Amino acid sequence: MQQLKQQVFDANLDLPRYGLVTFTWGNVSAIDREHGRVVIKPSGVPYETMTVEDMVVVDLNGEVVEGKWRPSSDTATHLALYRRYPSIGGIVHTHSTHATAWAQAGLAIPALGTTHADYFFGDIPCTRALNEQEVAEAYELNTGKVIIETLAERNPLHTPGVVVYQHGPFAWGKDASDAVHNAVVMEEVARMAWMARGINPHLSAIDSWLMNKHFMRKHGPNAYYGQK
Amino acid sequence: MQQLKQQVFDANLDLPRYGLVTFTWGNVSAIDREHGRVVIKPSGVPYETMTVEDMVVVDLNGEVVEGKWRPSSDTATHLALYRRYPSIGGIVHTHSTHATAWAQAGLAIPALGTTHADYFFGDIPCTRALNEQEVAEAYELNTGKVIIETLAERNPLHTPGVVVYQHGPFAWGKDASDAVHNAVVMEEVARMAWMARGINPHLSAIDSWLMNKHFMRKHGPNAYYGQK
Amino acid sequence: MQQLKQQVFDANLDLPRYGLVTFTWGNVSAIDREHGRVVIKPSGVPYETMTVEDMVVVDLNGEVVEGKWRPSSDTATHLALYRRYPSIGGIVHTHSTHATAWAQAGLAIPALGTTHADYFFGDIPCTRALNEQEVAEAYELNTGKVIIETLAERNPLHTPGVVVYQHGPFAWGKDASDAVHNAVVMEEVARMAWMARGINPHLSAIDSWLMNKHFMRKHGPNAYYGQK
Amino acid sequence: MQQLKQQVFDANLDLPRYGLVTFTWGNVSAIDREHGRVVIKPSGVPYETMTVEDMVVVDLNGEVVEGKWRPSSDTATHLALYRRYPSIGGIVHTHSTHATAWAQAGLAIPALGTTHADYFFGDIPCTRALNEQEVAEAYELNTGKVIIETLAERNPLHTPGVVVYQHGPFAWGKDASDAVHNAVVMEEVARMAWMARGINPHLSAIDSWLMNKHFMRKHGPNAYYGQK
C-alpha cells in the first residue's frame, strides 16, 4: 500500500509539473485490485505542501480506510469507473485549459492527426449533460455513470479519457503514471485541434487507415514503437 | 498593521508569480476594518525591488497615514468598494491578458463551465462605459462607482470580480490572498471562455443546476469541498 | 561611451528575458547625441555568448568607429530614425510573435483599451508596402523612410513604435531601456487586440476621452502615475 | 563517429529545450557521408535519462551498425531523405504544436512575412494524404517518398522542411544543429501565420521582391547578415 501511495503522490505532483492544474484543481488515484483499495488525493490540499502521508485510502464503496483527510470530492466518480472497468489502474481528473474548453463547448475532441491516434483510437467523446435530478442526487456518482454511458461499447484503454459536459477532462490508464500521461496527451491534442479547426473549419477526421496504423504500431499485438 | 502590510506585500508579489502582471500593471490592497485603514501598493514601484516597508497606509478617504510613497493611482477605486461592501477584505486590479481582452471586447465573461461556477455565481459582468464627464472628474472614484452600479443587487462575494469596460479586471475577496486567488481564477476562466467560444460560437451558459451545485459545494452552508 | 555600451548591452539582453526574440532576431541601439555616436548590437551574434565589448559604435552615416564586428544589418533603419527625430534616444527591432502577426496581417494595432493608451496615443500604425525598387535599392534605409512617412505629423514619443508591413515591430523611446519597455508593451497590446477582436469582431477603438485620460495621467504635464 | 553521436545527442536535447516536444515525440539524426552512416535517436527513450551512448548508428539501408537500442520508428523516413538529397546533413521530426496544427489542417504554411523568408523560400508545403496501401506497406518509407514528391524540383536547403498531412513537421539542414534551428523557425512561423490569418483571413503571401531580398541577404551569394 505504501508503494501505491507513493505512486499516487508522485502522479499528483506531475499535474502542476506538466501545467495541467491551477491551485488544487486536479486529482489522481490508483487502485490495488487484490485488496480492493483505492489511493486518492485529499480534497483541497495544496500541492506545494502535500506529502505522501496525506494520501487517503478508501475501499470501493468510498469508506475511508486510512488517512487523516477527506478524500477528493470527486472520489465517487473514480470509484464508479474502477468498479465498471477491471482493466484500468489509475484515474486523473483536471481542469486543464484546452480540454476544458472543449468540455465547455460541449463537443468531442476530434481525431485530426497522428498525435491523437498514437494514444486515442477515435475521437475523445463528450458526455451528455446531466439533468437536474442527476446533479441534485449523487452528483459525483452520476458523473461516473454518464462517463460509462458515453464509453458504451468502447475499450477504455483504447479511449483512455473523455470530457465531461461543461466540466472538464477525466483520463485513465494502466496505472497512475499512465493515466497522467494520457491526460497530458489529451490536453495537447485538445490544443492542436482547437488551432487546426481555427485554420480550417471544414476538418472532419484523420483517415481511418492512418489512425489504425498509428494506434496499432504503439498499442497493437505487433507494436514496434519504443523498446521491447 | 505590520501583519496586514506583510499580507498585502506578499499578495502583490503573487501577481507576477501567477503571470497576472507585466511591469507594474497591478496592485493589491487590504483593509483593517477595526481601525479604518487600507494598505495598498505604492504607485509605479517595480515588484523586483519593492519591500514590505514600501506599502502605503491610507484612511478611507484616501489620506496617507503612513509610508513614504504615493499610493497606487487606483486607490480611489479600491476605497469606493471598501466603503460600499463591508464583506470584502482585499482587492486586486491587474491588466491580466485574457480578462483584459474581454474588457476590451466590452462583454461579460460568460459562465460556461464548472471551473467558473466553483468561484463565480453567474457571469462576470462588464461595466458600462464611463462618459466623458465621469472620466474628466474623479476618474478613479467613478470607476469604483460604475463597478458598484454593475454589481447592483449581487452579493460581492458571490461575484468576486468584474471587468471594467475598455480597461481590465478588478477582483476581491475576504482578504488580500483570497482576492488574488479570485483574480487568478478570473484570468483562467476568461482564457477558457475565449477558446470555448472560438470552438463553438453558439454557447450561452452553463446549466443553472450545475452552476448551483458547484458553487454551493464549495461556498454554500453545506459545502463539502476541501477539509473542514 | 562605455556607459552607453553597457546600457545597450543590458537592453539587448532584456529582449530574450521578456520573450521578445528567438535566436538572434532582434537588436537594440542607443545614441550619444553630443558626440553623434550610435551603439548597436553586432549582426547575428548569439545573446548567450555576447559581451558588452561586442557592441559596435557607428557614426550617423553608419561608419564603424569602434568594435570588431559588423553592426546589425538593420543599422541603416535605426540611423534614419535618429537623424529625423531628435527626441528619441533608443530603438528596438524584434520579430516578437503577436506584433509580427499584425505586421503580416498588414493592419495597424488598434487602440482598444487603457493598457494601450497608457503608452501609445492612438493606434500603432502599419507602414505601406515597400515597392520592388525600394527593396532592391537601400532596403534598410528605405525601411526607415517608410516608418517616417507613416508617422507623418505624429510625435514619435506619443507613438513610440510602428509595425513594418510584412516584417515586424520597431519601437523606440527616450533611451535603450525605455525603447525595450515600449517594445514589451507593443507585444502585449498586440496580443490583447488579437484576442479582443476574436471575441468581438466589431470593435473599433477606445473612447477618445478614456484614451486621453490614461495617456495624460502617465505622460502629460500633470501626470500623477508613479512617484515624482 | 563519436563526434557525430555527440552532435545528434545535443540536437535531440535541444528539442525539449526549445519547447518542440512533449514526452518522446521527436527525433534528430545526422549523417556521416564519407562512411555512409546515420546516427539517430533510439525509439521511445525519454530525454531526461538518455545519454550519448544511447544513440543508434545505422547504415543507409537501416541496418543497425552500433548501439544497444532499436532506432527511432521514423528511421526509414530519415534514410529516404538522406539517399535522395546529398546536400542535407541533419533531419528533425517533431509534433510541435503549431506546425502540427497546420499539418492537421492539411494546408501549407503560407509565407506571410520576413521571419519566414529569412529561412524558407516560398511556402512550407503540406504533403498529399498517403493512401491505404501506402500506409499498410512500408509506411515510414512512404512518408519519406511523399515528402520527396512534395518537394519536387525545389532545393531542399531553400525549403528546409515540410508538414506531413495529418501528421506533423519534418525539417532538415546542413547538420543536426541547423536542422533543429529550422524546426524552431517552422514552429514560430506556423504560430505567426495562424494568428495573422485569424486577424486577416484574406492574406495570401509576402511580396515576392521582399521574400527574395530577405532570403538572399541571409543565404544568397552576396549575403550580408551576420559575420563573415
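A, B, C and D are the chain letters, set down in written order, and residue numbers restart from 1 in every chain.
By definition in this document, a residue touches a chain if its C-beta (ideal position, glycine included) is under 8 Å from a C-beta of that chain, and two chains touch if they have at least 3 such contacts.
Remember, predicted model here, so these are calculated numbers, not experimental data.
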item: Those chains which touch chain C and also touch chain B; value: none
item: Copies chain C and chain D touch via same or different residues, half shared test; value: different
item: Approximate Å spacing (C-alpha centroids) for the pair chain A, chain C; value: 46
item: Centre distance in Å when chain A and chain B are each reduced to the mean of their C-alpha atoms; value: 33
item: Rounded Å distance between chain B and chain D, as computed from the means of their C-alpha atoms; value: 46
item: Where chain D touches two or more other chains, by residue; value: 198
item: Chain contact topology (line, ring, star, complete or other); value: ring
item: Each pair of chains that touches, named by its two labels; value: A-B, A-D, B-C, C-D
item: For the chain D and chain C complex, residues of the former touching the latter; value: 112-115, 181, 184-185, 188, 191-193, 195-196, 198-200, 203, 206-207, 209-210, 213, 217, 224-228
item: Residue numbers on chain D that touch chain A, as the complex places them; value: 22-25, 42-45, 69-70, 73, 95, 97-98, 100-107, 129-132, 135-136, 139, 166-168, 194, 197-198
